[in-house]
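To start, the structure under review is shown below, and the notes come after it.
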Amino acid sequence: MIQFPTGKQSDFVAVGRLCIDLNANEINRPMEDTVTFTKYVGGSPANICIGMARLGLNAGFVGKVADDQMGRFIVRYLEQNGISTSGVVTDRTGAVTGLAFTEIKSPTDCSILMYRDNVADLLLEPSEVNEELIAGTRLLLISGTALAQSPSREAVFQALEYARRHGAVIAFDLDYRPYTWKSDEETAVFYNLAAEKCDIIIGTREEFDMMEQFGENPERSDEITASKWFGYKAGIVVIKHGKEGSIAYTKDGNSHRADSFQAKVIKTFGAGDSYAAGFLYGLMQQWSVSDCMRYGSAAAAIVVSSHSCSDAMPTAKQVNDFIAQAEQGTQA
Amino acid sequence: MIQFPTGKQSDFVAVGRLCIDLNANEINRPMEDTVTFTKYVGGSPANICIGMARLGLNAGFVGKVADDQMGRFIVRYLEQNGISTSGVVTDRTGAVTGLAFTEIKSPTDCSILMYRDNVADLLLEPSEVNEELIAGTRLLLISGTALAQSPSREAVFQALEYARRHGAVIAFDLDYRPYTWKSDEETAVFYNLAAEKCDIIIGTREEFDMMEQFGENPERSDEITASKWFGYKAGIVVIKHGKEGSIAYTKDGNSHRADSFQAKVIKTFGAGDSYAAGFLYGLMQQWSVSDCMRYGSAAAAIVVSSHSCSDAMPTAKQVNDFIAQAEQGTQA
Amino acid sequence: MIQFPTGKQSDFVAVGRLCIDLNANEINRPMEDTVTFTKYVGGSPANICIGMARLGLNAGFVGKVADDQMGRFIVRYLEQNGISTSGVVTDRTGAVTGLAFTEIKSPTDCSILMYRDNVADLLLEPSEVNEELIAGTRLLLISGTALAQSPSREAVFQALEYARRHGAVIAFDLDYRPYTWKSDEETAVFYNLAAEKCDIIIGTREEFDMMEQFGENPERSDEITASKWFGYKAGIVVIKHGKEGSIAYTKDGNSHRADSFQAKVIKTFGAGDSYAAGFLYGLMQQWSVSDCMRYGSAAAAIVVSSHSCSDAMPTAKQVNDFIAQAEQGTQA
Amino acid sequence: MIQFPTGKQSDFVAVGRLCIDLNANEINRPMEDTVTFTKYVGGSPANICIGMARLGLNAGFVGKVADDQMGRFIVRYLEQNGISTSGVVTDRTGAVTGLAFTEIKSPTDCSILMYRDNVADLLLEPSEVNEELIAGTRLLLISGTALAQSPSREAVFQALEYARRHGAVIAFDLDYRPYTWKSDEETAVFYNLAAEKCDIIIGTREEFDMMEQFGENPERSDEITASKWFGYKAGIVVIKHGKEGSIAYTKDGNSHRADSFQAKVIKTFGAGDSYAAGFLYGLMQQWSVSDCMRYGSAAAAIVVSSHSCSDAMPTAKQVNDFIAQAEQGTQA
């Protein structure tokens, strides 16, 4: 199992995208028919970081925000959630905040309209990565989107170097989104370079397929995928198969399957982020892999039943209550 | 006075920006404190075109929208307002719809957070300008923002050439916004090239100053400004001085001053667009310049008292009622 | 005929491209087989300007050079030819000097390998255009290549505005080259905007076709082409038909045909530039159009018999001797 | 020492820059005074590859050339030197061939005027990297310049992955040049990522300093530099100190100093490339490190005494004769 360092002042630091979700208030219809939107902090690593803070961990963020009302809203929200923003720098070039307008046609037919041109989060420079913050944390999370463009791409590799230098455990949430990448090949090359340096890798089967496009795993075998990364630095590889659940491989040769909880789904957004928060939280408590997966699944079930992602991230009490109810069969 | 051609099938065609306004629902506070936004069609020429249609004219639009929910919403809204969209083409490159988030700190302290990177409206190509639509109209309106970038810039000059070829009157709403322009000099050069070809030019004193930065009017004299354009093609030049009202010069050597109506101001956005619609509408009715200015001012007073720009554009009955009430001193 | 202003301190100013020709020393073979190259100043307006200076006129240049050895070589060569370089500014952004490697497979099969990325000449800013130099000259020459990209494009329009303001005659050498233009439509729009402001327009039939791509001259009639520009400001329009000679239209309704002289052709490069220099020189002497064309053709015949373009530009004595020899049938 | 695989069909494959040197024929003066230039194939990995072929090895190249006369000249020259060009693809986007104009003011004052905008060599795609060629070779050489921009950057990492997969030894010639890099930080990040995967690393002290700018070696100690890379994959690290000679560290803890031979220096260009060729050749013969350094120094002395780089790369006989002469003190 993963050994986390002790004697660090913080538990968790995420690096990467900070953006805004604009969620349609009128749901179960196409966006052409929606009129009002509600604003939330968004971005996969932001959501995970908020999730970790809600679960009670001491968390911080390394990222870049626009010098505008959206950027200030993001910083304020992180601080209101007790997250250290000493690693969040402000862009001075006139970049904007990334936006995600969500469209919820039905609980199973959701899509996102993204604004990712000239966004502040991709302008984080390697020299702006706060070494002290990373030196003082037990777990660093990187997220694939931050690799999509320079200089944010280099900033991620710099963060990985600082984590290596100071002994932080590194988790990689693949979080692949096609925006801003120039080609699948470019994506594969940098995802692989980053994954070589990580202890925990979490992604969907499709995301791992994209990383293996240069021919080494034509059968798309989960086992081959996992064993490749055990040949580098990884100790745990989690591969998600959508409705069919997920499977976690550990370096000792074991694997663990998990199913999702039943939930009154409003939308699917945020499921992966809340799962990652719950799973990583469990690992830091030294729980069994199965318990970690169960905890992540419960957190995901809570978030997909809510209107937002970040704002719906549950506390430990909420997750525990949810699991208790589910076990009693009293879950609605 | 301006002579409009007869025997044309439509009254008015605007070319340029089509975008989305996201107006804060919670007003009189900074945007950091707003949570929900309402979506409207926006963009200065779009607003003017909607205004002209509301006033009863046969109107059409030449522009480009994104291939997404926002773009489809815009086209649908124009059609719902009886505006011909045969000249509106759809981008296929993945461009987005321009956004304007409005912040209303107080009725006199309003600002806009713009998203203008990779927007569809600036991708209109000269070959996509619908010659038939322009050939069939009495008045073409161009708007300065569309000159800010290629290929939209060339499309505007192509529209001007078609209007010249087919005898349409041309109005130029300067509508200068600093986004996407590379330098003030670039702005001045293209604004001047366009203004040389226009019959009616409407702008603020600051906008005309920007066009005269290469030294020909150091005293910033309205008369020198107007007479410069009478040396080219213009018949009317309207120079707006904010709270101090506006002044219209005509080629015959006359000038006309107008004041604004009193209004319960919610926000200042949309004042210029509704003024332009009212003023141009009057000119097409062959009213006196003073009456045109009065009509424009009344339309502006109605719009600044409302939450939106486009959606608040008044009908002729609303403008007439407003003027009648104002004359009776019964205006609230 | 064109009336040139009097009382000006200089005869001629060209604005636009300054670059380097690298002419293959080993000729009549593909460039793959050439090993050494000789360096010359190049660029159409540079060649014409050098031609005018060689013919005895007081000439100057408005342009931008790279801050490197190539840029310094260009400035020095202009000065050695008595051309004022007070209007030549130096780039500080790290741009390079445009290059043209010439390949002479046979006297009639010549091509050019161009380096036009990030070139200094296209970075001339409107504010860097020397108004004083243009105010003090009788004839301003613009060249189409300088319209190919911002900010050089705006600088050309600024130069046109200064020439108009100060009463200089304006000549436009179309000099269309496909490099750096984004589309034919963009080319047509800006060529037309510039040509509207010019007194003398010189180009090939193909160049005029490109300007008329939006449908106004489907028969490609020279007369329609010329009459279009007489409707704006032009007094003379010269249309070149390659081997079939050229035709000059004048606003008074006359036209003049001219044939080329026989010459021992080494390469075809530089023929157009030397023709333009000779023709414009003649106009400034108030010669008949036919004599101007004859003088231009003689200058062209001299240049195509030489290895270089700029360096081979003839003096008045050389042109006169050439014509005398040709008339005596003693031309080699 | 480095163990090279056996049973491979080729000895050496280089990946990266293929370009053209234009060497001033008139030397010992500034380039402003030079008039003619001679054309050679250039680019550091090209020079090293030509050097290896001249020394008798079976060599190939992975790279991209422009679809023009310069590109065809390069491919032809490689083939004339017996180098496999099955891995050289041709650009179809209109990119140009990189150029290096050399200026030789004196034997010790040499500089280069580079053309590196829109060059074909930086457009090599990961999918264009010939896996078969790399699978069949004993030694792969990468060169830092190819890391300067996408997609060439990704292609290098793909080549490294193929070399790892098929067991080729990997040499990294740092060859840092500031062109096209956006920042020193970007340079450091990618140089480090690449160096982690290499068996042999050769560079100047300044190049290693640039890689260590994030603070891990403030004293700029050669030993700390070398030991860092031994912590990854390297077996030999060569650090060059200009006139003071070079030092090679081996993983077994030893270090070896070498001085340069005396030579009639014409210019300093090409010294590093010929050194690298000689040194790597020696390693492939399983010579002692000292003998390899001596062989590299002799090759360098021969090249700096010549007008070109690539064309002057010596054969094994030339190097042996040079060393023999030097040992007899008969070297001029």
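For reference, chains read A, B, C and D in written order, and residue numbers begin at 1 within each chain.
We take it that a residue touches a chain if its C-beta (ideal position, glycine included) is under 8 Å from a C-beta of that chain, and two chains touch if they have at least 3 such contacts.
This one's a predicted model, so the numbers in the text were calculated from it and none came from an experiment.
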| item | value |
| --- | --- |
| Distance from subunit D to subunit B - Cα centre to Cα centre, in angstrom | 60 |
| Rounded Å distance between subunit A and subunit B, as computed from the means of their C-alpha atoms | 44 |
| Chain centre separation in whole Å, for subunit D relative to subunit A (CA means) | 41 |
| Residues of subunit D engaged with two or more neighbouring chains | none |
| Category of the chain touch graph - line, ring, star, complete, other | ring |
| Which pairs of chains touch, using the document's own definition | A-B, A-D, B-C, C-D |
| For the subunit B and subunit A complex, residues of the former touching the latter | 22, 25, 30-32, 34-39, 68-70, 72-73, 76, 96, 99, 101, 103, 113, 115, 117-118 |
| Complex interface listing, subunit D residues touching subunit A | 125-127, 150-151, 154, 157-158, 161, 165, 182-183, 185-186, 188-190, 192-193, 214, 216 |
